[in-house]
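Each in structure tokens, the structures are laid out below.
There are two complexes below, and they share chain A, which is joined by chain B in the first and by chain C in the second.
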Partner chain A sequence: MTALAGKYKKLKDLHPEEAITPGTGLCAGCGGLDGLRLALKELGENVLICNAAGCFTLLSVYPFTPLKGSWLYTTMGAPVPAAQGVRDALDIRLQHRELPDKEDLLVMTVAGDGSSNDIGLGATSAALHRNLDFIYFCYDNEAYGNTGFQLSAASPYGSATQTAPNTEFHPAGTEFFKKDLFEIWKAQKPTYIATVSPREPIDLSNKFAKAKTMSGSRMFICMSPCPTGWGFDPKESDLIAKLAVDTGMFPIKEYFEGQVTHTKRPQRRLPVEKFLQRQKRFRHLFEPECRHDIIENIQSHVDEYWSHYE
Partner chain B sequence: MKTDNKIMLTGNKAAAWGARMAQVEYVPAFPITPQTEIVETLAQWFADGTLQGKFTNMDSEHSMFMAAGAAAATGVRVFTASSSQGILHGMESLYTITGWRVPLVLVNVSRALATPITLEPDHNDVMSTRDCGLIQLHAETCQEIFDFILIGHKIAENPQVCLPVLVNMDGFYLSFTREPVLIPDKKTILKFLPLFEPVYPVFQASQPMARASAVFGGSTYSYFKMQHNLAAHHAEKVFNDATAEFSELFGRTYEPAEKFHMDDADFVFVMSNSFATKGKAAVLKLRQQGIKAGLLKIRLFRPFPVAFIAQALCGHERVAVIDQNLAPGMGGITYPEIVSSLYPYENRPKKIVSVIGGLGGKDITESDFMSIIDHMKNSDSKTPLYLFDQEDQRAFQRIQKIANVKKEVSSS
Partner chain C sequence: MYRIRLHGRGGQGIKTASQILGTAAFYSGYQAQDFPLYGAERRGAPIVAFTRISEKPVLERGPISSPDIILVGDETLLDDPQAAPLCGADESTAVFINSTLETSVLQQQLHLSSSLLKLNLTELCIQHLNKGTVLSTALAAAGARLVGMITLEALLKAVDAELSQQGIGSIQENLNLTKEIFQNLFPVVLKPRKEKTISPSEIILMEQANIEEAAPIILSPGNMILRKTGNWRVQRPEIDYEHCNHCLICYARCPDGAISLGPDDKPEIDYDHCKGCLICAQECPGHFINTVREAGVES
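Take a look at the complex of A and B:
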């Protein structure tokens, strides 16, 4: 048995209820929203989301909320400490103030990659150290999306962002490789870590179903194709998400009890160009002339990763 | 415990005792000098079962204030403490949680701000929270610290207020000074401050809600800020009601500001916190010399008790507002607040001067108070008066000489 003993085999097995209703202010084709929608189908309504400043802050704009559960907007750097405060308060009330068990909430953080990798990482590390009982959902669109797509530590090498533009002197645009948040979290041995893709709904749902039964820190990174920032037609969001997995650029995996398991291994990895060439943020790698050197660096980086597992 | 047990406590211990007798349930903490004794004491009491609830060691003040606010929004009584750089580091969270409109009490142990880094007190740290929308009570004595924490929870939890209350004390001068403190019995305290029962919905499964949602458009933003402002103003009435009840139960009376020998005073010092004790001693000394001095000590700083202060100061000839803080390029921070409180009144003092002293823990001596009197008397004295004299200059040069400093950059 692999670490993932999935309860779902087919799409129609998935939980029929929605905990996030249509009609949000988020962009058409937002992959992260699709991921959160699937996650909440599984986690249900007795959830409190502590939100960090980012795209998803637009989910609840006064006086509306698309959520059947609760929501608390915090700051960009402290959604996790807010989750700590709520969890602690609920525990105190359950233990000392006769709060019935059915009033308990699953406490969740929803934060973008900027908050997760940069400004909020210290506070998250502290919560992992305390083994905070919560679920962390990072929607990873690989840049500061809500502010107009500036470089974050999750921006991939070779992508153009507003603050790492490609120029004659900086042909790659972003010159660093994406921070490996999965490995950083793993160093602290939380209960569970998983990467998920909205294009792999069964894998995603199984992981949240499993995480729901656990306690402690349960950490998720959701690949979140971003039509406006990445530069593609919203209708292609699923295709882009699929190519991220099929090229091996976004490994779908989980960490549990010391083991890392790839739960959706690409059968035969496609060349990275297949993923890159459909997005405006990588266009400078193909026009006006093809930058084989940069594409080769990206491919080598992906190959190097998989060389440990293939 | 028998009624009104009197024990010797430092300011920090008095703060911990205040939280203990308020039966706080949650303390998120992060250490900073000179506040550490407060959180160490509470950590011990939670660990040994004296207090019921949870003490969580946080990773920064930014995280600590956020956890404090979130727990208050989830329905428990919350207490925390910080100081100086910690207040600045947590400032974003302080603005955020005051906007959440959640009740909690935090103690600030005043310490001057970097740069240069130092440990000793002044009030730039607490003044930095002046505009973030919390309620502020400033304590002169260890007894006031203890009492203000009980009163603070009462104000914070009032349904018409629902705001964090900050209780301020001076680092070192008060935090580490032992004074006798009366600790009332638990039963009477419970009469004044019953166990926390939130009036408004808090986070739990049967009460799903979205809090602190984003707003678009100035009208919606302004609406919430106006509400916040009304609540903060209303806190003055709640303070007066709470202190009246407190006086009845415990026999100690707290007005928004304390009038010390004010009745016939021609010269009034306006002060706050522990240095007011020095001011009071100077007033007594001056009166022995036939100078009619008085002192107004501000306790409630937010909301600013405009009418009370105007009433207290009008009719007196000369007033010196002593700010233990400095806004470089402007002067003292509380001075303009006092002046604007008095402006509408025809019988306002003839002369209102600004004095800046006590920066970084620098003492305000008896001779300083004498020079403030001279300054008030002098018709063409310039304001502000900086309490930095030849002796201070010599002290500075002395250490430079020891280190053989060749040349220091200085502004004329």
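Take a look at the complex of A and C:
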């Protein structure tokens, strides 16, 4: 049996309640917000979110919060230590009967790719080592979006960012391949890891439904198309998310009991250009002249990944 | 010195408009300063940008509270108390509004002592650029013409320079748009402004408060719904209920959760909060969600 014994089959099955209200200051068309919204539909209101500084700082702007659950704001490096503190405090108070059992909360870290891959990774590794009982939600828009789209370790090779623009000496823009956070986490054997996309709400909901029933560290990477930073019309957010999956650039998978399963396989992988050419951050690969060499590097990186699974 | 204030929404190119305007003034032999001002909010949220133009070096800094010219790119901002685009307008100010309405209708609604000008820039952008959501060139061209001393040559050169620098294609289309707007407007004659003296406000002494009272704790979960983001929209999605087959894709895809399900799983758009990203219209498999331009001062 795979880890994903699907509870949901169609959109009608999604949890009817919203745990996050509209009215936030996040960009129109934010893919990460849809991911979090769908996740919280499943997890419900009894959640305490430890939120790292990042785009999702804008979720709660004093004196307003869109969340029906609790929220604790932390620095970019500290959402996981905060989750550890909250979990410990809850456990101790429950143990001493200072809190009734129904007051227990699901502790969740929400952090961007910058916090997850760069600044907060050390603390996350420490928490995985202790098998902290929490859910980690990384909204991955592949750069430091909140401060104007600077390079993070999740920025893909060939993309232009504020701090890695394409220049005569750096024709690709970002010169390194994206850090494989899934594999880094997997090396520490947490309870559960999954990648999700807001474009696949049923797959996403099933994964959170499954994770909710488990204990220990449950890790999520959510593909988060970013109209502002990636440079596309907000209405194309889900189209971009779909192309990321169809080109094989963003594999949708899960890790459970030592096994990696791809839960949404592209039927026939499309060439990576289909994903790249719709975004301003990759425009220098096509104009003024087509950089076949760089595109070919991106394609072979994707092919190499899938060669292990196809 | 000319003090120009530009209003619009994040993503409409208001900052770029202020840059084009400043650069055009510079190419016409003037000193110029331009900069935007926005808070933590994003694409769709109200933003304001400023351009100062002078024969002498511009030593003044900071936002412009008494503008000579106000350029309003998005008329839905007019009744937004936070954006307050007409704030500081007096009889020495010229107010330009990108609007579908007639000047007389606007004047009736706004009761301004300032001189009022309008042109349907969005329509011109749709004609020339095939889209009406980015107003950078159009608003800069309108501003440059109203100021008067900017030449068409300098303006075209500035449009070319700023758009090339940002890697924007369709430069020729933007240049044609610039020419048309330049020909459709005339320089305004501004009444000389009486400089007001500003007196310092009284200092408020802060008292130490208890940590329980002073900590930023929110005890009302989900109260963000009180904040409306509906006025971020440039275009509005409208569901064609005659054809909608309740497939729920729009409901699942809306990032803000602004589409709820009514009886019989009928999707209903919450226009108080819909930011107008139009993902729903794009994703609707049968194309049963239409997009309509938001326009008009809502009375």
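We adopt the following convention: the second predicted complex is superposed on the first by the 308 of 310 C-alpha atoms of A that agree within 3 Å, B and C clash if a C-alpha of one lies under 4 Å from a C-alpha of the other, contacts with A are read in each partner's own complex, and residues count from 1 in each chain.
The definition used in the following text is that contacts are C-beta pairs under 8 Å (C-beta built on N, C-alpha and C of every residue); 3 or more make two chains touch, one makes a residue touch a chain.
Bear in mind the structure is a predicted one, so any value in this text is a computation, not a measurement.
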{"item": "First, second, both or neither for A:C50, with chain B first and chain C second", "value": "first"}
{"item": "First (chain B), second (chain C), both or neither touched by A:T65", "value": "both"}
{"item": "Partner chain(s) touched by A:K280 [first = chain B, second = chain C, both, neither]", "value": "second"}
{"item": "Partner chain(s) touched by A:G77 [first = chain B, second = chain C, both, neither]", "value": "first"}
{"item": "Which of chain B and chain C A:H96 touches, first, second, both or neither", "value": "first"}
{"item": "Partner chain in contact with A:E236 - chain B first, chain C second, else both or neither", "value": "second"}
{"item": "Touched partner set for A:V86, first chain B, second chain C, both or neither", "value": "first"}
{"item": "Chain C-contacting residues of chain A that also contact chain B", "value": "45, 57-58, 60-65, 67-71"}
{"item": "Chain A to chain C touching residues, read off their complex", "value": "11-12, 14, 16, 18, 20-31, 33-34, 37-38, 45, 57-58, 60-71, 198-199, 201, 227-228, 234-239, 280, 283, 287"}
{"item": "Residue ranges of chain B touching chain A (in the complex, touch as defined)", "value": "25-26, 28, 52-54, 56-60, 62-64, 66-76, 92-93, 96, 203-216, 220"}
{"item": "Interface residues, chain A side, partner chain B - complex", "value": "45-46, 48, 50, 57-58, 60-65, 67-75, 77-78, 80-86, 88-93, 96-97, 99, 102-105, 122-123, 125-126, 130"}
{"item": "Chain C to chain A touching residues, read off their complex", "value": "10-11, 40-45, 167, 169, 216, 218, 220-229, 232, 247-249, 251-258, 260-261, 265, 270, 273-279, 281-283"}
